[in-house]
Amino acid sequence: MVYITRIEHFNAAHKLFNPSWSKEKNEEVFGKCANENWHGHNFNLHVTVKGEPNPNTGFVFDAKRLSIIIKEYVTDLLDHKNLNVEVPFLKDKICSIENLVIGIWKQLVQNMPTDVVLHRLKLYETDKIYVEYFG
Amino acid sequence: MVYITRIEHFNAAHKLFNPSWSKEKNEEVFGKCANENWHGHNFNLHVTVKGEPNPNTGFVFDAKRLSIIIKEYVTDLLDHKNLNVEVPFLKDKICSIENLVIGIWKQLVQNMPTDVVLHRLKLYETDKIYVEYFG
Amino acid sequence: MVYITRIEHFNAAHKLFNPSWSKEKNEEVFGKCANENWHGHNFNLHVTVKGEPNPNTGFVFDAKRLSIIIKEYVTDLLDHKNLNVEVPFLKDKICSIENLVIGIWKQLVQNMPTDVVLHRLKLYETDKIYVEYFG
Amino acid sequence: MVYITRIEHFNAAHKLFNPSWSKEKNEEVFGKCANENWHGHNFNLHVTVKGEPNPNTGFVFDAKRLSIIIKEYVTDLLDHKNLNVEVPFLKDKICSIENLVIGIWKQLVQNMPTDVVLHRLKLYETDKIYVEYFG
Amino acid sequence: MVYITRIEHFNAAHKLFNPSWSKEKNEEVFGKCANENWHGHNFNLHVTVKGEPNPNTGFVFDAKRLSIIIKEYVTDLLDHKNLNVEVPFLKDKICSIENLVIGIWKQLVQNMPTDVVLHRLKLYETDKIYVEYFG
Amino acid sequence: MVYITRIEHFNAAHKLFNPSWSKEKNEEVFGKCANENWHGHNFNLHVTVKGEPNPNTGFVFDAKRLSIIIKEYVTDLLDHKNLNVEVPFLKDKICSIENLVIGIWKQLVQNMPTDVVLHRLKLYETDKIYVEYFG
């Protein structure tokens, strides 16, 4: 079993905000991340798939093909977007990086070809904070 | 003459938008950066000052003191903010990285102590795009 | 289950030295790392906790709160310190990066709130050497 | 159990090419990676071994000794080489990064001292693509 | 005057080889870089242009437009190529990084629009070696 | 004129301390950097030389030869050392990064071959602080 990872980027705006709470409660819990006027990040996404190398190609999965799938189902929906407002798969969710990585997983796992297994997502929000998710 | 640089970070939302243009014209010129719902970045700012090392301290300028000045006059005004809406020194400016670095320079140069000379700003918008400004 | 990681930094001096050995034996085993006059590093520490996202916050654990815990129990004790001389939890231990990461784990695991599980530490000593520890 | 990783580098040329296919079929499957005149990469290799720290040294395994083993059995055979032409352990293999990491594993695992267990290889082909292998 | 930089990547094979010298002389001067079977690198190219920001756009130069120019005149000619064999602007040149950066400058400066001034190229061959060129 | 840079590393201990001041005054000025028991860093040093490429080699200066000179006159004297105690060229100097970069310049400029001009040193003390010096 070999694991191959492709790294992609997207830039987006968001805020951390629970609509069932007051403005004060949101600021108390989320601090400056609750700013109503939004803030944003350069997100780095590592998508890892696993499998046995194909004897004819040496590939577990063609990294270029993986990049195209990530673009179609993830980064085209997220890049230069407002995560709270414009992303169908985050609708009615709090836009934390944890919920974001779970949403990206669902997008990818249901659109992944049958010859490969999605293994892990790693998502950097800043240079100092990242999440990992295995489904 | 020795040049010393301190690197600081801030995360912010913005859009590229000329209010004297139509929505269509803005999209034609700025592409997805014109998204009305905002997008955002992790910005990295390199602030360089120059001078002769003080014989008593070995310092051109104390990097911690430089960090405090950058925090007070720059990152506290920009971090987790919407650059188009909430930043006094960007009011009525197009929020390009070029105008942002010029605005940061003005904030710093007028608040810099007399014993040091502001030399250069370098500002990363993404891992692939940065600007430099020397006043 | 989502894993969230916070990265923190500290700078410290140390030497690799077994007090039950002669100076010659220490130099034979540890090479220039045994220098009696110390050397030092910029250490990067990745602290990973795991859990289910809280439905009200979207958080497994607030990264800012995690940062405060790391500061109180780890980096305030290590930053700008001599690891061999000044760190209670390394007393009578050889100051290898392996023993350092085990000591940091003990500091964190006994001071971690009950709503989160410490999963992994990753500690860089240089750009080319790191250790991982899972308890 | 502590895991310690040493990172090493090598630069090499290769092409992706299946000799049982026509030139057209190779270009269709491998794209510009099939260029008959070769292309190349700066490869970064992370070698992770695991064990209990030795009470006398604090080491799972001396990182310098690990570096020497990697040099002897891996990077001396790969650095500034043509992977398709000059590397005995890749003979008759398609020079994908998946086959490369499997070949490196075999080189290391059969030459690893008995006091340490090879745990994981991580191999970067570019800043955006890496593989992991656990044997 | 503001300086804006766009970073692009290309992967290529090359060797250092002076055809007027013997094989032995080439190996004496260039060491393993003279390997007849080629080696290769992931090259990172920083292209810096300078100018006054346009009052209507805030741009010195649109970074996406700069990226398109670099792709057309530089990276499409170099990416996944053999620098010694396949690159017209390096014909009959020794394929050192110094000659490569001079060749890239000539490609860009003669195809740069009149509203911008090419200022500097910075080209990384490895993580530890880079060249800069100002024309 | 082409500028070529070689990056080298060294790890060292130091403290910031003016022996003509009291302990209290040192702590007031230098904060935790004045810790009597030392702290340390992973230093990254960029050495830039300039010249015209030699028509026979394509080189301004062989990067391997540059590396050997840096090792002999700089990193062998600094790596795994205590900068305050063990480095002749820092004797009686305050061990700030400014004085360190000036000392490294003097070491290099007087031992540089006549066919190359030392242009710039850039020295990182941490990921967030660096100095530059041009002689």
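Should a chain be cited, it is by its letter among A, B, C, D, E and F, assigned in written order, with residues numbered from 1 in that chain.
What we mean here is this: a contact is a pair of C-beta atoms (placed from the backbone, for glycine too) under 8 Å apart; a residue touches a chain by one contact, two chains touch by 3 or more.
Because the structure is a prediction, the values reported are computed rather than measured.
The set of chains in contact with subunit C as well as subunit E comprises D, F.
Matching C-D against the pairs in B-F, D-E or A-B identifies B-F as its interface repeat (over half of contact pairs the same by residue number). When the CA atoms of subunit B are superposed on subunit D, the rotation angle comes to 180 degrees, reported as a multiple of 5.
By the residue-number overlap criterion, the interface of subunit D with subunit E counts as same, with over half of its numbers used by both chains. Chain centres here are Cα averages; for subunit A and subunit D they lie 29 Å apart.
Mean C-alpha positions place subunit D and subunit F at a centre distance of 34 Å. Those residues of subunit B in touch with two or more other chains are numbered 127. The chain pairs satisfying the stated touch condition come to A-B, A-C, A-D, B-E, B-F, C-D, C-F, D-E, E-F. Against subunit F, the residues of subunit B that register as touching in their complex are 1-8, 48, 53, 56-60, 63-64.
Every residue of subunit A that touches subunit B in the complex is listed here, in rising order: 9, 11-14, 32-33, 35, 37-42, 79-82, 85-86, 126-127.
By the touch criterion stated above, subunit E contacts subunit F in their complex at residues 16, 18, 29-31, 93-99, 101-102, 127-134.
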